[in-house]
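Think of it as A, B, C and D in the order they're written, each chain with its own count starting at 1.
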Amino acid sequence: MSAPFARRALTVTAVQQLGAYSVMRVADPDAPEPQAGQFSMLAAVERWGGGEGERPFLARAFSIARHLQGESHYLLEDVGPGTRRLCELRAGDQLWSLGPLGRPFTTPAEGRRAILLGGGVGIAPLAILQDTLLEDASVLLGFRDGERARGAGLLRDARVATDDGSLGYHGLVTDLLEQELQSDAHAVVYACGPAAMLERVRSICAETHTPAQLALEAAMACGFGACYGCVVPRRGGGYLRVCLDGPVIDAAELERVEEHAGASA
Amino acid sequence: MSAPFARRALTVTAVQQLGAYSVMRVADPDAPEPQAGQFSMLAAVERWGGGEGERPFLARAFSIARHLQGESHYLLEDVGPGTRRLCELRAGDQLWSLGPLGRPFTTPAEGRRAILLGGGVGIAPLAILQDTLLEDASVLLGFRDGERARGAGLLRDARVATDDGSLGYHGLVTDLLEQELQSDAHAVVYACGPAAMLERVRSICAETHTPAQLALEAAMACGFGACYGCVVPRRGGGYLRVCLDGPVIDAAELERVEEHAGASA
Amino acid sequence: MTVEFCGLTLAHRIINGSGTFDAIAARAAFGEALAGEFPFAAYVSKTITLEPRVGNPPPRLWESAGGLINSIGLPNKGLERYLEEDLPRLSGLLAPSGGSATPIPVPLITNVMGSSAEEITRLLDACEQHAQIAAIELNVSCPNVKTGLDIGADPRALEEVLRAVRPRTSKPLIVKLTPNTADVAACAQAAQAAGADGVSLINTLRAMALAPRTRAGSATPWLGGVTGGLSGPSIRAVALAQVAAVAERVSIPVVGMGGVQSARHARELIDVGATLVAVGTESFRDPAAAAKIAAAL
Amino acid sequence: MTVEFCGLTLAHRIINGSGTFDAIAARAAFGEALAGEFPFAAYVSKTITLEPRVGNPPPRLWESAGGLINSIGLPNKGLERYLEEDLPRLSGLLAPSGGSATPIPVPLITNVMGSSAEEITRLLDACEQHAQIAAIELNVSCPNVKTGLDIGADPRALEEVLRAVRPRTSKPLIVKLTPNTADVAACAQAAQAAGADGVSLINTLRAMALAPRTRAGSATPWLGGVTGGLSGPSIRAVALAQVAAVAERVSIPVVGMGGVQSARHARELIDVGATLVAVGTESFRDPAAAAKIAAAL
């Protein structure tokens, strides 16, 4: 189902700290059921602006991490004036929301085993994917440090890797992916995270002929195909709009995942 | 003593509702002792901006209503995005403050009896005037309605007039001034309030040859003579900068008090 | 309460700024029903050029104080595929006209750009064959191949180009002026003298942003296209001044735009002389902004 | 760590924008000690004209999204009284130059404006007699009496005026360009060709605001001067683009300004080619802004 054609003023119902991240819950009873991989454009109703550099001004894109009992959950990382303002909101505060938007993840071809691979705040869309489509998928999550690794609590049964070794495997989460693919190559990968991670996933999957669905990020002005601002190069020439042709894009459509196309690490 | 040459980040210590107004107290132990009639340029440290019309941006001028035990008191009325944001602040929040600025009230010539005349939020500088220089002055305060008239609590022993008759004298506070001057013409008037009120005070005082010190208002960008934005016409030609030549200006210097030169009613 | 503009009948005074609303993409995101309750009284296409363009490399966006800098680079399918593929999908749009009145058809205004009179001629000639195109908006913010300046920045050069191309179309011709000029009113007068049926302004202000420094290296431009165009609230007061200056000097209708976020802002442009008001950047923050403004006017 | 600019030695790279800091008023507000720890490395006067001007009727200010529109109207005492009364009060300013180094004298740059070569000649001739004036900044945003356009908006007209007046002063001559032009870099080149020692930009963008409607009457301009100039963060990206374009095309030093609020913003202007950076509107929000920026650079 498509998104209502207007931003909606919604109410924050709860905010919880999850290590370095916040989980914000927003009452959104009238929205169409979001699909895993879709996102919303969010902005605070009050005082959206007046931060660093007299920003934010535009709404910001956030993966819907979960949708339960009429509430959307978002996983937020404070990386700039927009996310900072959203992280300040408390239960009762008002939020503008437009969505759900974008092309979702799709179910794997018959017989292929799903691997969910997330990095940093990019783990968010994997939670709803695990909730709705792929309950039994293997889950591999990578984080920069221990504080961030507490974000793994958003999903069930995750194997965790950290860059600094403070939790789980000491190294890149893509090392774990390579191990998994060695043990059973008949898989399909669902990934979201920093650009460097996604590029590594893309190249591993290309080499092993493993299908992969990558949830990309890009700075967005609109989120619904109007501004042509959120593009990534398409294999073979031209550009894809991440908001409309993605955010979930088949890895085969990309030559490589460019620097600006991923989540913060 | 002159003001420190930088805005200072100060902490709000208390905010109290006083009818339609807020009284905000700000810890400012290191500031030079303000004189009655002086003002500060205030802005919230966080989220100054992002309100109506993507404002506020510049700091706003506020009379110092009182200065006790290292705390400055301000009387605030929510009339737009700047005052709205300041009225939102709570104890513990940070405030930028520049000041004290401007030419203060001066003591009356020997033998003259002082009358303090305030209208609306313009009563603020009369409180510190009563505290410091003119404890025994008569105080006449006018308000639009009963909610605003509760602001009279800022001063001691005030006679109140309201436009709608909900409290005290039903009519203009300048009617009370005329009565006072009839009973004893050897007076000096200290007035602050809406432009129409100040103009009436000016003309009454001109007719009765009563000296008057008027605390004017004007939209200000800087507050310290830099922008030349805050001008009012001077009798005899040219303009006065309200921030530097005022805000307290001898009524004799003005031909008339123009529309934009007063407080909100 | 319909509005007449260059011989077209519109449901209300609010249209979109070229390049700020993609009706086809919006129907993919918000559903086909949108076509029947279209937020704009006329639909202006993104700028169409003779040849297809992929647009500038990313990043294409930079958020500034109360505004947006874009360096999209006019990606489009090129004239031929626009006429063949897009035009059919843009028919049948309807705009509510307030209250219970029947909705009014949304005329299509095709925005075109060429870097010479010859190119513009070919664009106009092709559009002339399509009855579905109700009017032409000519984007003259195109750099002249010889001088590097926008062909619309100099009144004389603008008048010359317009005189050459004006006879090629029987449709209303609206000239989208560039704001990056010394005297936008003189440019509007030149357009009127050359036979334009209307003018629209303002386009974006030339602007730039540098990439946040990560290490002590030399500073690099953020935008793939190096410079971009500033839009949104931060240009609203400039737009108001330019629209006022233009409306004072021409008798043809004016489409005002630049930073409009509310009915009050739209009303101000109308007050200084605009017949229609276009909403651009604010539609990004809320796709229904134009509809809300039209309803509140 | 002093900086050379047009033969002057400055304590650092940060100066004030003309008309945005009144050193005499500031000493009244903040005390005489300010003269010994002056926030700017050079002090630029408000624009001085031959005859005294009272300036525009109020209101003179309008706050816009991330910016300020002013319509001050260049009030000043006129050349004669400026030289007689103000100049002596502006001697002896000292700027801290970082760390424990001894403070550096603050050179005075007198900003002048005239509406014809003859007027400018008289201004320069008079300044020439005063050794205390270290340099001249010529504000060419003055409307030409004949065309109504700024004399600085057209490269040819600008070059002609400058060639006529350049010989009249032996002091460094900085031309303050107008941003309301199609090609500011061409104007800068014209200034260089005519013998300017430096250029400064950007001045404010032409802008307008309407009075909030109180009743259903016709809309009226808010500003006493009808239109005004936009400054502050909302023009910063425009300033960056113009300064970059100018610095690419001239070899004389450039003073960059427009919306600078922080050392990062100043650094960006320097990165695209400015030698000095002026702080204007931000000084209104914090008079010590320039000092803080200079210290953090």
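What we mean here is this: contacts are C-beta pairs under 8 Å (C-beta built on N, C-alpha and C of every residue); 3 or more make two chains touch, one makes a residue touch a chain.
Every value quoted in this text rests on a predicted model; they were computed, and no experiment measured them.
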item: Farthest-lying chain, centroid of Cα atoms versus that of subunit C; value: B
item: Inter-centroid spacing, subunit C versus subunit A (mean Cα positions, whole Å); value: 34
item: Distance from the mean Cα position of subunit D to that of subunit C, given in whole angstrom; value: 34
item: Rounded Å distance between subunit A and subunit B, as computed from the means of their C-alpha atoms; value: 53
item: Two or more partner chains touched - positions in subunit B; value: 49, 53-54, 57
item: In subunit C, residues with contacts to at least two other chains; value: 64-67, 232-234
item: Pairwise touch network: line, ring, star, complete, or other; value: complete
item: Residues on subunit C engaged by subunit A in the complex (per definition of touch); value: 19-22, 24-26, 28-31, 34, 39, 46, 54-55, 57-61, 63-68, 70, 72, 75, 232-233, 281, 283-288, 291-292
item: Subunit B residues touching subunit A - in the complex, by the definition given at the top; value: 46-51, 54, 57, 85
item: Interface residues, subunit D side, partner subunit A - complex; value: 66, 233-234
item: Touching residues (chain side subunit B, partner subunit D) in the complex; value: 1-7, 43, 49, 53-59, 96, 98, 101, 218-222, 224-233, 237-239, 241, 244, 258, 260
item: Subunit C partner contacts - residues on subunit B that touch it in the complex; value: 53-54
